[in-house]
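The structure's right below; bear with me while I get my questions together.
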């Protein structure tokens, strides 16, 4: 459903840029993770990782990230991070994040997290209320 | 040659940790990139990316990064980032970074960069003085 | 004029917090500087520090910052950074930034910058088009 | 006693620099706080803020910071942060941090923290084992 297409906007600034006048490479995983956190906030009643951990006792630590950098990110345009789940396992979830500026794909990444009981740092199955918001939004990468 | 094993130490602190009391995931690519920059400094007469860009007009932007997160990184121990080139193409280089704390592998990653003429942002072959320091240090991943 | 009250909102997240579960102190100057950059963007045709430096050849390096931290910043509420110039000298400008969450003052700071010709890193008087947007917005601290 | 002069070295790199090719202003409070954390590590049996909070239940949140920026910080030289306590109150401590590169003073700052019982976020007097390491190292600013 196109109305479900989630895009997280980032205002890239001077603070993000390196002497080559583009966003420093290590900022790009930050932006992608911000987008994933925002995806949770948008679909889980405003709760991002902070509230998930503290109020719901659910953690989702990352086990893998893989990113391709296609084109430099600059402060000239908003960075629009399209974000969606691509796979939901019993105990894990994979997100795709595609960052675009002015219609150009700047980076794309795949990020896999596992569900844990936060205060025990112990693996768990994805809680039902999480599955309920994830499953209808799964898309092929 | 074991004397060539390059390890970049990181003092992980409070500043790097999130509310789960471990280093925030997006800090780990930062640490890995710091280790790669330090590898250049150690093998290129003290020159890291800053001096490469400004004094040598050579840039090495990243085209891909892939990281597996094996175990949480904490301030309890130094983070030792073993760093070495695994592949040198005509115009690209791939590094492996393995981050360990107290003998435990915390993360491992693979990072590919391309060589460019910095002030033109244009692809170039790896300069000879770069090849000279890279080739003898290439190792299988 | 109340319509001129400029407030920069920050979405504080897990990524900003330390193990005490509040935003890490050194993130607060970042937020304040983001707010000042956003003030420029809002009043200078969308241009922040990046465009000022590259398109207008005007830099505004900081010479002083002073911040009082009144109450912890958390991800529970938007951080609203009220930002305004308090003093315009011939070659310098001072900003006040007051960060509030849920009606509570979390921090307040004073930041002084000087105007420079960017590519010469040389002091200059505030350019006329800058004075024009600053002067009507000056307020007592 | 000159042997007690504590200097925290920072390897400033590409990652810290902005498009003006100097360390971004908001990185400088980070460096200063890293230096203060390192001061604690050096004088408190290796314990920085992380161990103080978790192992000792002592927090030292900042209530004020004030910094003067004298000269740009670049990757050309190590940044040497001389750090020492200047005032110890019953419940507070003030540190001075002076950052120098190649003999030039780049910034100087004053930072005041209060002692709290960490898990209660409640003010407390400086614990005796803290006073013991602070008092002999107090110097006029």
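Order of writing sets the chain letters: A, B, C and D. Residues in each chain are counted from 1.
Here is the rule we use: a contact is a pair of C-beta atoms (placed from the backbone, for glycine too) under 8 Å apart; a residue touches a chain by one contact, two chains touch by 3 or more.
This structure is a prediction, so every number in the text was calculated from the model and none was measured.
Q: Counting C-beta pairs in contact, does A-C beat B-C or the other way around?
A: So, comparing the two chain pairs, more contacts are at A-C.
Q: With chain centres defined as C-alpha means, what is the inter-centre distance between chain B and chain C in Å?
A: Comparing mean C-alpha positions, chain C is 34 Å from chain B.
Q: Using Cα averages as centroids, what's the distance between chain C and chain D in whole Å?
A: Measuring from centre to centre gives 24 Å for this pair.
Q: Need the CA-centroid distance for the pair chain A / chain C, whole Å please.
A: Measuring from centre to centre gives 28 Å for this pair.
Q: Please set out, as single numbers or ranges, the residues of chain A touching at least two other chains.
A: 14-15, 17, 19, 21, 26, 30, 33, 50, 53-54
Q: Based on the touch definition given at the start, go ahead and assign the chain network to line, ring, star, complete or other.
A: Graph shape, chains as nodes and touching pairs as edges: complete.
Q: Using the touch definition from the top, list the residues of chain B that touch chain D in their complex.
A: 11, 13-15, 17, 21, 30, 33-34, 37-38, 48-51, 53-54, 74-75
Q: State the interface residues of chain C toward chain D in the complex, per the touch definition above.
A: Contacts found on chain C: 19-20, 25-26, 29-30, 33, 50, 53-54, 59, 61-69, 72, 118, 121.
Q: So in the complex, which bits of chain B are touching chain C?
A: 14-15, 17-19, 21, 24, 26
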